[in-house]
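We just call them A, B, C, D and E in the order they show up, numbering each chain from 1.
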Amino acid sequence: MNRDLTQTVARIAGVNPRACMRCGKCTGACPAYDEMEYHPHQFVSMVETGRIDELLRSKGIYTCLSCFACIERCPRQVEPARLIEAVRVLAERKQGADHLRPQDIPARLDPDMPQQAITSALRKYRR
Amino acid sequence: MQVNSEWKPTIVAFCCNWCSYAGADLSGTNRLSYPANVRIIRIPCSCRLNPMFILRAFQRGADGVILCGCHPGDCRYTTGNYYARRRMTLLFSMLDYLGIERARTRVEWVSAAEGAKFAATMNDFVQTVTALGENRRLEDLRCKA
Amino acid sequence: MQRIGVFVCWCGTNIAATVDVQAVSDALAKEPGVVLSANYQYMCSQTGQDLIETAIREHALTGVVICSCSPRMHEQTFRKTVARAGLNPYLLEIANIREQCSWIHKDRAQATEKAIILGRAAIAKVQLNTPLQAGQSPVTKRALVIGGGIAGIQTALDIAEAGFAVDIVEKQPTIGGKMTQLDKTFPTLDCAACILTPKMVDCAQNEKIRIFSYSEVEAVSGFVGSFRVTIRKKARYVREDVCTGCGLCTEKCPQKKVPNAFNLGLDTRRAIYIPFAQAVPKVAVIDADYCSMLKNGKCGVCAKVCAAGAIDYTQKDELVECEYGAIVAATGYNPIDLSGYDEFAYSRSPDVVSSLEFERLMNAAGPTGGTLLRPSDKTHPKTIVFVQCVGSRCSAEGKGKTYCSKICCMYTAKHAMLCREKYPDTDVYVFYIDVRTPGKNFDEFYRRAVEEYGVHYIKGMVGKVSPEGGKLKVQASDLLDGRQLHIDADMVVLAAAIEPDKSARPLATMLTASMDTNDFFTEAHPKLRPVESPTAGVFLSGCCQGPKDIPETVAQASAAASKVIGLLSKDSIVCNPCVAQPDELMCNGCSSCEKVCPYGAITYLDKEFRGPNRTTLLRRVAQVNPAVCQGCGACTVACPSGAMDLKGFSNRQIMAEVDAICR
Amino acid sequence: MVFSYFPGCTLKNKGARLDLCGRRAAEALGFTLEELPEWQCCGGVYPQARDEIATRLSSVRALDAARRKGQSLVTLCSACHHVIRRVNGDMQRDAQIRGAVNRYLQLDTPYEGQTQVLHYLEVLRDVIGFDELARRVTRPLTGQRIGAYYGCLLLRPSREMCFDDPENPTILEQFIRAIGAEPVYYAMRNECCGGYTVLEPGGRAQKQAGKVLANAAACGAQTLITACPLCMYNLQKSVGGELPVRYFTELLAQALGLEVES
Amino acid sequence: MQGVKEKAIELLRSKSVDRVVGWKAGEFFYDLTPAVFTSVPEVEQSFVWSVFCAANLSKYLIAESRRGGKVAAFLKPCDTYSFVQLVKEHRILRENVHVVGVQCAGMCDMETIRSHGLSAVTSVAEQDGALRVETLYGARTLDRKDALGEKCRTCKSKKLAVYDELLGEQGCDEDNGRFLEVARIEAMTPEERFAFWRGELSRCIRCNACRNVCPACSCETCVFDNPDSGLRNKAAADAFEENLFHIIRAFHVASRCTDCGECTRVCPQHIPLHLLNRKFIKDINGLYGPYQAGADFDTKPPLMDFTLHDPEPSQAAVRGGGV
């Protein structure tokens, strides 16, 4: 339970997790459902109850597609993807916690891959 | 300022008839207590409070003036306390601008059910004003030096 | 010269234990203008009141001050006492030395001193009291009910039952409202039409009730007891007094492609139509948007076939002016427009319907004759998904409503149950956030849907519905089970939030009745005066005040009626005499007071005044209608010149109290 | 009609066809795209964290450059459009971000979101008009059944993007009709292609994009069109579906009768 | 501005109006007072348009617009706000007034001119955008902006809120830091503020000049003259009453005061009375959103309006500091 972290996450995300009414529309809408151990509505609830450390260790923060479906459909403007992003940012701001290092890239590269994929992934996966 | 331990401020409390006056009655019914130097004037609504009354009270030696009305949204006349809120906000800011202690004036929303809040508010207000001491500035604003 | 009598009450020991009542009466006896100062054990007792009455007569008192309990307790009692002795009841002031003195303070000396000060303030005020006469305002013995749904019908019937005339104004061609479109009603599953249509007929047959159908309120002036209302009777192009309602015209009209509003566009009707079989009045109406005679002067079939000769293509809107003593708003609700909710594919698939549309699809008088068929291909749906809370309970920044629409949980349970009952081979899913069933026999009803009828209730909002290959792919989460569900549904039913009818906002402006941010009418007090608007003489009935189901609506409708009856049974209304009064000589006519008056009690008059050198000057001055003014005093402070004052709480009176208290 | 134009990195390289065809079609339709001098990469993804300032700067520089020219800023790549549009919204509405960015950039006049950001498709819809476009088409793609693939970035979040109805968009279908083809509606046209997770091991993006293609094919689409090079890539590399995928500007140029060298 | 006097003559000669409200010289050439002209010769003889036409003519239209016939008035940008406010309050009958808007470069004040070390001034005239000041001891040229009165130094707007015809160009809102002085006082300690105002207000002699000139103080009977208000006093009974007078006057005009600056201009004791009004304006702008009295005919004055979530009085000290 970590109230300070909850506040930090809410501040970075600019949304209020307490506004969530647990309707699960986000989770119903999520295309990455099968890839996330904590589904969007659980994510919100865990932020609210201060279980940030578990989230920081979660793989789900890297499998969120940032497709904004949950943001679009959330009836309470809680916008789970913003919270997920905030936790991810928090994880990567720790030194050496990059999820993707530049030196990892050549191995994953394929000649047709657009530049956009690489910059986006670098923006998303490392500090 | 010399604070005489015997000295007790004079406090005028304007209370709206429907919420705060009833709240004051309730604190009596519940036998709560607050200092005897609080004296209540009943007005129909907080929006009846003319800034002149407040200034007059200070002029005649009151040491603190408080307005109590229905909570915003609960006004018996629907909108009275919203007007009162703007008027008092501006008046108090002006008094502050003139160098008159803000703490001598206060607005508090007290419902008919909040007898305890009424008593607590009055206790706190009396304490605050007692700490400030006698009201001199409002009488002395013009100095015939 | 004032002759004031002071009466100090002991209230047994309630006051006397902490306040030296003798000392108080002695001290107050010395105040200017006081000719008599007495004390007694119980002033409110018969003996106490006699004491006051006798004193007023014997000492020819001009003012009375009673130091006793709170004026909220016995002010009315003592006003009557004073009046019995022939003194104006407003020449009385009460010093509250019990609730605000003896019960608060423990120290006898301090309490006594305070009681004296409070007494002095009351004496200072009573010196300036003037005799006030409570005004009388006549009451027109007729009520207006705006809206002819179940709320308006019930209110009108109850008022008529009590013997008062009442008019219903309904903007549709028939009364009946939303309830006519419903199939069954929860939690008893009676047929809506079976319980509603007799009431509609009662309205038509009651000689005390006039129905202005296909009419709207155009303007309202006046105030409680005497409202003046202009009603626009829209042209129906059919003479109401001649049409027999035989319906032949509606069969012969060649224009067949008009979306049928009664069935929410799920089928079509003719350009001349009677909304439904049991319409009241059962009179045809021509839809001017579709009638080719009205549009380009060609056709005229209906006039040819009408044996009664009721068709009149030249009819114009008609304005009627009437007077009313009371007005009831019963403008009802509508489901919200679902076109902004395309995550549920509402505008992409005809098989995604609103709950009200679903009612029509289940209704024997509906487009499918009561057989549940998909609008797209007229087949039986085998899998039906209900989505709750569509557009309800949203955050204020979003597209929906912030409130719970209250009726959806129950009607969805009803729909689910009826589907399973009529078509046991269907799979019925209800996706909910919470199931809210506070009401008599409501939760039992919901449990029956689950336990006896096998409806699948799943906690979790549907995320997306996409039409594909004749199916509706429903993607949702089961929050309790922790699964994402993919259901191939045949039909999706959306429980759309309900919102006040669009006509309510302009009506509220006309009535000077207040509304909340959702356009529901505000009640005078949320708990204690739930069927009155803060504007005197305006009452609220049904969903225009907030979402509610039929039993609640009917209860509120009858409550509103009883308030109206209470008002109409008086010949005149006694007004609060403590109202605002402008001094015309000082009034600038600047409209500051009018801007803050919550009741619209202030109007302006151009009046002639004498100017210098025998000239006359025309000046705009404020007039307060004492029947409308409620005496809040907002205007007195807004008035820059101090021309506006409040009787009973005048500037001088309050200043005198201030002076006495600070002395 | 002259617009400032922000092509973005990918359009200078792997997504060159999107850019080239777009420019040529613009010339043919009579509007000018003036490439901003010295533009920098938009960053590819919008920084959702409100305290990320540095990642917003290049977008603001581009927006400010367009403001100085007094022009609207046109983008073609969905990702660039998404980032620049949302950063512009931040500059209009979020005082905290606006303050921090302006303090950093020290512009002569603080930037407060004055520039209008338009996607190329919006220019077609709102400036040229699809009716007018249909009149200009010389080689209509009659008989072709084309599925519009919107993906995420153009549509969501609709409160910020204000591009089209996020759940039932119509702009690409209108475009398809204007060039003479027949639009095919399918459920996953506004679902995600997998995006940047293509760099994550596990092939999730390929699976996700495969679902999109399969769905479109099942609904009868013969071709998909997109405005995004990353969508294009993911769809082409997908597992489980096979359909030709084209940039919408390629078909636009084709319909206008333009020969664009590869 | 050329042509003001000519316009007055033209309007009277063509009989488009019956009267003209303008300025004429008082005891001194720089002491101009408002005047009503009914004939061309009158105008030719005594109508003055000069750099000293600071007086706001709006208030005179309350009476003049009701006197029958049509009256023309020359209104500078700042005066038009008072005019609109008075029309809004139904004090001026708009239909009887022909408003000739006059753009204005700011009006001069003799005290300010003297503060440049000039005395025995015999004439001041505008010449090529500068001010030529003749004195018994010779002539000197001043920049006009160095000769402006207080109200013009902190001019809020050169935009006319209303006019039927316009001499010169329509202008824009100005930012001359009119709230800087208020902010300076706000930044003082309460003791300093008290001392400041004690110093200023103690000079008041209750001459009522401020009240008489103020367009917002146009009451038929002032509360201070009304026996029922509990405030009436001819001479101050005690020290407090001067303060009471100024506080109440400021409150009565709050949210109606257009900040025309006339109160300070006419005060013989040089009390900066406008700083009271501006405090209210600054608070209102900060707490309830920007509002300019007299800018239009419809907006409700903030004290006759509210929102459900207005700040509480206790927050005012914190939030009022804005803008």
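What we mean here is this: a residue touches a chain if its C-beta (ideal position, glycine included) is under 8 Å from a C-beta of that chain, and two chains touch if they have at least 3 such contacts.
Just so we're clear, the structure is a prediction, and the values are computed from it rather than from any experiment.
J.: Moving step by step between touching chains, how few steps can get you from chain A to chain E?
T.: 2
J.: Figure out the least number of contact steps between chain D and chain E, where 1 means they touch directly.
T.: The fewest touching-chain steps linking chain D to chain E number 2.
J.: Which neighbours does chain B have in common with chain D?
T.: Intersection of chain B and chain D contact lists gives C.
J.: Please identify the chain with the largest separation between its CA centroid and the CA centroid of chain A.
T.: E
J.: Going by the touch criterion at the top, tell me which pair is linked by more C-beta contacts: C-E or B-C.
T.: B-C
J.: Based on mean C-alpha positions, which chain is nearest the centroid of every protein C-alpha shown?
T.: C
J.: Among the chains here, which has the CA centroid at the largest distance from chain B's centroid?
T.: Of all chains, D has its centre farthest from that of chain B.
J.: Where the CA atoms of chain B average out and where those of chain E average out, how many Å apart are those spots?
T.: 35
J.: For chain A and chain D, let me know how many angstrom lie between their CA-based centres, rounded off.
T.: Taking the average C-alpha coordinate of chain A and of chain D, the gap between them is 24 Å.
J.: With chain centres defined as C-alpha means, what is the inter-centre distance between chain A and chain C in Å?
T.: A distance of 47 Å separates the two centres.
J.: Please report how many Å separate the Cα centroid of chain C from that of chain D, as a whole number.
T.: A distance of 51 Å separates the two centres.
J.: Please output the residue numbers of chain B that touch at least 2 other chains, ranges allowed.
T.: As it turns out, chain B has residues touching two or more other chains at 51-52, 56, 79, 83, 87.
J.: List, in ascending order, every residue of chain E touching at least 2 other chains.
T.: Those would be 223, 229-230, 303-305.
J.: Identify all positions of chain D at which a residue touches two or more other chains, and write them in rising order.
T.: 166-167, in rising order.
J.: When you check every pair of chains, which ones turn out to touch?
T.: A-C, A-D, B-C, B-E, C-D, C-E
J.: Looking at the complex, which residues from chain E come into contact with chain C?
T.: 66, 88-91, 216, 218-223, 226, 228-230, 252-253, 256, 300-301, 303-305
J.: Mind pulling up the chain C residues that touch chain E in the complex?
T.: 583, 585-592, 595-596, 604, 617-620, 638, 640-643, 645, 650-652, 655-656
J.: Quick check: in the complex, which residue numbers of chain B touch chain E?
T.: Touching chain E from chain B are residues 51-52, 55-56, 58-59, 72-73, 79, 82-83, 85-102, 105-107, 137-145.
J.: Using the touch rule from the top, collect the residues of chain B that touch chain C in their complex.
T.: 10, 12, 17, 21-22, 24-29, 31-34, 36-37, 39-45, 47-53, 56-57, 60-62, 76-80, 83, 87, 119
J.: Which residues of chain A touch chain D in the complex?
T.: 11-14, 31-32, 35, 62-63, 65-69, 71-72, 79, 81-82, 85-86, 89, 100, 105, 108, 110, 112-121, 123-125
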